[in-house]
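Dumping the structure here so I can ask a few things about it.
Chain naming follows the written order as A, B and C, and within any one chain the residues start at number 1.
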């Protein structure tokens, strides 16, 4: 039996009177790439933030490598080192070069000696194809490059899981490809990833599983082939239609939910 | 003596308010005139106004106050109250000049062009188009300047004007309760500054033009 | 006019001594204000409820009252509580406390301009709050704050003149002494006005230079600056 790296058990989250996440359960195996889709305001970002403990859940449990990370006596900072997070708007540290952005977690959090940290940071920058931009400040990098540095920054901590929150939706269309390419490579290398994205081409090719969320619940989940071509619920079908209209540039794609295939 | 303290403090407070009420409008009238000259007055006047502003804002208010006080009282025989208040008004005019200039510039040349395009003279355009907009824009900065003048009015105590700071010194000296006297003065200033800010916030809300809210930066 | 130049040159040694005291007051006051201003701003933004109120109280009380009254409280008032300070230390402490309140507000707007997102990104790689403030928020705030903060040294330099009123031998006090000696108060006060102006111009030039040098490429922000004395 496969081992679960991340187990989300019946978690709920509310802000004030609004229930954002309702009794969500989800298990992720080591090396899996899970893509989460769903309409805006559904709680996708909130779910990722709960996993990274940037937001506290109200009920339920989250286990990382079998250990409950949502109990009081667990150090948030410790957990976050093992859960990498990539944000929609990159959030690089503006006052640091690309290299220093990747290094700072190593030197300040992991207390790694500077020369060792630098070596590791360079290695991560090479991994995302940006070794030649090491001394650039965020303001001197394109959006796509900034996002790749942000990925390198998260990778440098050797995370067990990587969370991506719409990593390409703030990017100009011509820059999306380079970020997806890096993510695809990561998936191939066996990184466990949880991605909120509406890049359906990427989802179809790379995801092991797709999760459709709406109004704080998981409506439907399954392998891409199943969810795309044989969605069980009308809502899933409708949403996928809308998404392909919006991101209609993947010409090779059949219409989702088209059962004639 | 002790029983007189409240009256003493109240009269000091009245003089502090009076000094401010003389200096602030005077600074405004001078500042407005000079700002108009600075922006629309041609090269020569503009340069003079720039120099005036630099000097007024580059020298400590206390030093200017002394220079102006001796100049004023050399020319006409005024009480310390008037000499001090007028001097404080001149000091403030340098700062108000810059506030108003910033607003005039931020209302900008496009409004002037538009006004000229419908046949207004330059003077009319300034009077009816530019100023009404600029004067609304200055309120936040002007509110700050009002509390600065209120606080700077403490400096005229050095010229012998019997406003709160001076009164507190006198009370302190005669009762040997300096701490209490000056803390009371501080409290009164704090309340006056607070009320001034609230009042001008209110004016700003009342005069705001719907949908027009970029503010001048100074 | 030539009389004035004579007065000026005759009094130069005195003015020079006064200038040194004025610069001493400015630099130490600025330093103390800096050391107070940063924690006050950080606590006002990130502190727990009670600490936050403490910071707000400090900042608003010192910004809402005249520096002169603060100086009098410290120099004349504190002896009532058994704390007696010499003139110069009293002036330095008053100016430092006063400047700290204004500097805190400059730092606060810079920290707030950096925003919540940078904190979140820092927390996401496992930094503690304190570490994030120290390594991520403050370094950015310190650079962002420079243009607005540049007003403070000049503003404080001008404020130092109030030390004259407790007879600290600064420039302004020298002016008074020269005025008494020469019976020419206008000439004497004009002379120090010129010296203050020169000091302000030099200080402004230095600060503009630093401001230009410390820019981070592609990272700029304007914070409103206001007259603060």
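Note that in this section a residue touches a chain if its C-beta (ideal position, glycine included) is under 8 Å from a C-beta of that chain, and two chains touch if they have at least 3 such contacts.
Here the structure is a predicted model, which is why all the values come from computation and not from measurement.
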| item | value |
| --- | --- |
| Core chain by centroid distance, with centroids computed from Cα atoms only | C |
| A-C against B-C, pair bridged by the larger set of C-beta contacts | B-C |
| Chain A and chain B, separation of their C-alpha mean positions in angstrom | 56 |
| Distance from the mean Cα position of chain C to that of chain A, given in whole angstrom | 47 |
| Computed distance of Cα centres, chain C from chain B, in Å | 21 |
| Complex interface listing, chain C residues touching chain A | 114, 117-118, 120-128, 131, 135-136, 139-140, 143, 216-219 |
| Touching residues on chain B, where the partner in the complex is chain C | 54-55, 57-64, 66-67, 70-71, 74, 95, 141, 144-145, 147-148, 151-155, 157-158, 165, 168-169, 172, 176-183, 185-186, 189-190, 193-194, 217-218 |
| Residue ranges of chain A in contact with chain C within the complex | 52, 54, 76-81, 84-85, 87, 89, 91-95, 104-105, 108-109, 137-140, 153-154, 157 |
| For the chain C and chain B complex, residues of the former touching the latter | 61, 64-70, 72-73, 76-81, 157-162, 164-165, 172, 175, 185-186, 189-190, 192-193, 196-197, 200-201, 222, 224-229 |
